[in-house]
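Each structure below appears as structure tokens.
Across the two complexes that follow, chain A remains constant while its partner is chain B and subsequently chain C.
Entry: the complex of A and B
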């Protein structure tokens, strides 16, 4: 079997890997669109969702639907705590408005440290799934249900949030608040409430991502940082704040890595995303889609 | 007046000499030789208790303390109790240097462990310069040259020795060709190089090798490449990502015989399922069918497991290296009658085909070669099931 004949399989595998990056990028964009903050703990919130899935399914033996709801609720609440104690103190002070960069990074490190204390001393164990492990073939190309679930989750969430931000009053209000908190406040919008909703939704996405990714990666607490990095690269390629572009960039990043691994090898796979990012930023510094709006004064 | 002054001075000087001599002699105990200071013998250990390698530290600390307790229960070293002085390298190179310097300041007599690779590379030179013997598990060969590193000794298998049983095992199964997979971490890439070279040297063809990024969630493309190579023997030379590997094997419907690295015990062995009967790993140490470990080794295993609060797969590796390090040091100190680094290493360099905790684990050190573990100690084991202390079963026992 030649490498070329495996190209369709590599593309499908890359789409599934890219879906994981896409869910992280989507989470970044949701909080960014609501608050103007890049939540650098987004990848670690996915890791929390993953570990909670293991606790719910393997330890407490909860039904999958109950486990799913529990994981999403808990991760969303953790994200809300982050908004209250890690992000909001910086958003309300105009003179220190990028302090969140360090504080969200600190929150991410704190999450990893706690996960290490709780789970780090245990062997990595598999996390069961309600979907079968075996794949199926269509026209000679392999599809794996557990991985298609990640792609499906990404499509549903991106379409849903695209609609939310473009067609609902709350979504438009959130974007306006991110652009200018003071102006939004003067027009009767509560920017604190908007920030809470943004982080709640970011946590919801991380919870969903953790649940669907869990059976693919086992109880590995080291995935948080790599997901944060890959999601951020996708976001930078697509352009900050554009949900659709971020998701498409993530999928392309996954495919590019997979195809590179097939034809060249995995040794320099990590460089693929960074090379694409450099090329894109060299040609268009704001990313493929984003154009900075001039602020009216 | 002058004579009286000189006489008084002489008396004072003599008194000082006598006091110094008394002080010096009182700092030496008669318990086991005049080179062993009174009080407990301090043993230093640097573990990664925080940071990226923190997953390893707690089990190593539990094992180290259990081994110390066992040595004390058996009478200590030359009648002296032994105390463990632990520092955290925070999984960073500068943390490793700080921890090593702190233990040198604490005047430890020996290092039983000095960090998880790559921190060992930073801590090693500090303690070697201090002239404090270190007997420990080291997976790379950096410190094995005794002429360059006279105070550092490796009492466990290095990565190159780990592949020793691979070719004989595969030959015993009639294997003529294999495929291999590794992840792109340095440890896995290095091990894969050793493993593939060893089986090729034995006339077994490695028909296809692929690799994967440690963060990959989908390995189906790599596994399809391997499956297409037309052999049913897979060398899994990866040290992470066993879960995604088993997922990909199931997704592609391929059920090869698998020979894995020791990391397989720690990573997703619970996902083996129906692969278990045809999966083996380079375990280095295990228990042969029908045999049992010596009572003292079992006691240390049990104590370490109790300290951890759960069964840790392949914990015997930590026990083998930590307990033997202390027993080797005990032997050297008691033979030298001294804890002085120079005296101890003189004895260590004479150890030849000697066993300490287990008659099956033999050691040979020379002034040139400080890799004391003998490659023929290494074995292939089943990955599951494990016994109640996480010890695997040897399948290639002679």
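Entry: the complex of A and C
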């Protein structure tokens, strides 16, 4: 009974956690569409964003707006460096290969290790936010502004990118490249440029995500891999390359975890995503990839 | 004195082992240091297990720490609760067994997904496991299971002896890995890693093979788990964090994925470094992350790969590559016939095969019947459904309807490996071979399917396994001898020429020699001498009682080889008969050359050319092809800016490759000069060439189907400026040329009819305002009225100063609108000039009846 009355709270909390996964999934999808590569360092880029937020806000005491812009720019630049040295060598090879799967994973442990060297001796400390930590209640359900900010960021970025891909010429060329890389090249599109822009945007999303989740997770270096994995689960459920479906799947995943914790307990929460992934893939082992293949027909 | 290669191959590892064994004795090592070294050996064993799954079988297994953790917990649990099983050796056994169980439980579901899904699922399990084990009752929570405090437990081997035994176990495990790789089982893994399609075509169930690799790898990983528990005497949730999985991956990658000694070298570096050089732990992960990236980018074969020379052709074979098949002539000795599966004989019978892809029916009620001992040809223009039919017959596609049987056995739809086992063997359009393996090993892989291996006796070289190995070796040698491949027998197939690769494939098909052999374009890209070998092989196959089904573009070769021919057109059977009947059939001529109905109407309406010649597109000495195979040879061509030039010819002569090469799309080798006026384009990418004024409309309507017509045009516009006004200008210009498109501009391109899609494709090329428009088969699948519309538009473009180069099967009509036309054959322009000087019947004749080769000879 008491569990049931907490359900609305759990759903709101789940939507906020899901928003983090959604931001990771969005980043995955945009780089994937631009290059055909899953950037397995996406979750670690979010981690870099949140650690830099801490540096900017707590150490350098920068104003929040400056901190935000600085974080986004730096993470985007890291993502660009990754594109150039970790991903592009595989894109220009003629034979198909998935060496990038291993190299982006290598990049992710590298930046995690660098973060550990810089911040390793610090205890985990909270990161301040310009929004209040206390929530307000509507109809008995708790809303925490800091958490809602993540959901807000996800909505703004999703809508923004939807507009970008549908309405701008650059967005259209990226969409075309995602559908048929070679044909886009014949229509005057430089796929390498598109890949760079994809990674730039992926870094931008990771930077924004890092900034908005910072107050919620404190200075935690090890979250990266877990974000990468959860984001991928959302992606696999929603279908590769489908921005909207990926975001929705991420929100559902967050809610599922939160509701599971409410009714069953937090002990096995970490396995919820795994079970969902196995069930979805088990039910339609080709279903997800078919939606991907159908785009290429 | 052993040769340098042997020395390097066996000497270096031997020295390494000796150093590792002697080092603590000489320098002295306390218990702590020994325990650290033993920790390294247990993770090296895990890396060897990972290498079996990742390197040998090519499965993206990213969670070895999960299997390692599970088996370590299992070993510790058993040792605590069952003191009789807590000796060193028992721990290894329990570890291996629990590894097998973990492998099955994890692998059976995860392997169904493959690829990225497998990678992420297993990585996810690796992140979940350390958290979960703390919650499972009986596993000791956060502090885990410890044997140190257990009064029942004493290490059954300890001190220096334990370390030396641990090294021995590493050596045994690597030895096992070596035996595995060099056995029939290892060959099956290599096939799987190369291509699932190829594995299935030889009759291998890919799922079972994946699971086998997973289970064997997990057993080895479990041994590592047992070693870990015995030497460290505890296990906690920190023993197997997800990061360990990534370090293990690093060990395999750095050492060399798929090399037997790779994980040992890599594991010693990755784990030994951290254990032996204290204070550097902080930096190790940075270094390994960087190392993974560097190795993957620069040298995927890893450190062990650096130590080995790259494979090359033996010098003799290199020089005489062209002569190889000819030299093989006498080896094609009918007396040495090899048909081990002579027992499997029977007719191939396919009835009313149907294949729909969404709304499109690619194959419509096609019947194919091939009697034993006969050869049957399957021909038709591009897009007529030949390849789809072949894939339906061999089970690579699951037919929407219809049945296939071999002899009296009906085949299960969509199960290629069952079709292969029922006696159906095939070759592929582009040869599929295991590139890193030699010709001999590639043939062994086929022989393995003829004499099915007993995995255990094969890996451990038991007498039965060795007898069998001798048998398959003899089969492989005989197959190689038959096709004249003995000179290159021990050369990796990756370095062979395209033609020789095809012959290896053919040898493999003969070796499998089932009831029916399907040959997919066996003569494409072969030299005349090699074509002779193909012909003799087909005769051989027929003589041995196999049915042969040949899909081939080169009609003369089909007429020459086959007893019956089925002609496909747009997915259904157009004609069926003997080669002479097909050669004279007017319908067949029509689908290859186009209709002859409206003769000179278009030509009469052709507007006069403006007198002054503008710029021109020049092609000089162009060579292009796929991989090692040249399809276009030293070709020269000029197109002026107000001229319409046509290139015709049968399928597969290099027309598409020619256009792609001019537009800058590279499939493989590519040389020669392309220029507009004096501007050299050959080093430019496709998008730079588009900016320079070339626009190619590729075959098959490669528009962006998920975008609207207007978006399709907008993304390609901007050749004369990218302001909003310029783009609008460009769009208005093409809407004027294709008024219908304006009506559809908000429609998703993929939902338009085929004809409308083709218009979008042409409009999309034009919207960039090219000076030269290249079109590849623009009329394929268009209704006649639309063909006229399109050709009228092309003539308008030509008058407005656009140079047009068209490749099309609709020869008749194309010639009525062109200024100049060329006939292409075998990668060269063999006939051509102003259309007024050309004889249409001569051209059609050469295409359909294959007189082109004679023409080519006269030219030469």
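Convention: the second predicted complex is superposed on the first by the 280 of 297 C-alpha atoms of A that agree within 3 Å, B and C clash if a C-alpha of one lies under 4 Å from a C-alpha of the other, contacts with A are read in each partner's own complex, and residues count from 1 in each chain.
One rule holds for everything that comes next: a contact is a pair of C-beta atoms (placed from the backbone, for glycine too) under 8 Å apart; a residue touches a chain by one contact, two chains touch by 3 or more.
Everything numeric in this text was worked out from a predicted model, so none of it was measured.
Student: Based on the shared chain A superposition, would you classify chain B and chain C as clashing or fitting together?
Tutor: Verdict on chain A: clash between chain B and chain C.
Student: Looking at chain A, does chain B or chain C touch a larger number of its residues?
Tutor: C
Student: Identify the partner contact of A:20: answer first if only chain B is touched, second if only chain C is, both if each is, neither if none is.
Tutor: A:20 sits against chain B, while chain C stays out of touch.
Student: A:123 contacts which: chain B (first), chain C (second), both, neither?
Tutor: The first partner, chain B, only.
Student: Touching A:226, do we find chain B (first), chain C (second), both, or neither?
Tutor: A:226: touches chain B and chain C.
Student: Which holds for A:270: it touches chain B only (first), chain C only (second), both, or neither?
Tutor: Both partners, chain B and chain C.
Student: Is A:153 in contact with chain B, with chain C, with both, or with neither (first, second, both, neither)?
Tutor: Neither chain B nor chain C is touched by A:153.
Student: Between chain B and chain C, whom does A:113 touch in the aligned arrangement: first, second, both, or neither?
Tutor: Both chain B and chain C are touched by A:113.
Student: Looking at A:197 after the superposition, I want to know if it touches chain B, chain C, both of them or none. Which is it: first, second, both, neither?
Tutor: neither
Student: Stretches 1-9, 91-99 or 379-387 of chain B: which one clashes with chain C?
Tutor: 91-99
Student: Both chain B and chain C touch chain A; at which residues?
Tutor: 113, 116, 120, 226, 267, 270
Student: Write out the stretch or stretches of chain B touching chain A in their complex.
Tutor: Against chain A, chain B makes touches at 50, 52, 54-55, 58-59, 183-184, 189, 210-218, 220-222, 224-225, 228, 240, 242-244, 246-247, 250-253, 265-271, 308, 310, 312-313.
Student: Once bound in the complex, which stretches of chain A touch chain B?
Tutor: Those in contact with chain B are residues 1, 3, 6, 9-10, 13-14, 16-17, 20, 113, 116, 120-126, 133-135, 142, 144, 146-147, 150, 213, 215-218, 220-223, 226-227, 230, 257-258, 261-262, 265-267, 269-270.
Student: Inside the complex, what are the residues of chain C that reach chain A?
Tutor: Listed in rising order, the residues are 60, 62, 109-110, 112-113, 115-117, 119-121, 123-125, 127-128, 131-132, 135, 242-243, 246, 249-250, 253, 282-286, 288-293, 296-297, 300, 357-358, 663, 665-666, 668, 685-687, 690-691, 695-696, 698, 702-707, 711-712, 714-716, 718-719, 722, 727, 764-765, 768.
Student: Could you pull out which chain A residues touch chain C in their complex?
Tutor: Checking each residue of chain A against chain C gives 38, 85-86, 89-90, 94, 98-103, 105-114, 116-117, 120, 166, 169, 172-173, 175-176, 179-180, 182-191, 225-226, 229, 232-233, 236, 267-268, 270-271, 273-274, 277-278, 281-282, 285, 295, 297.
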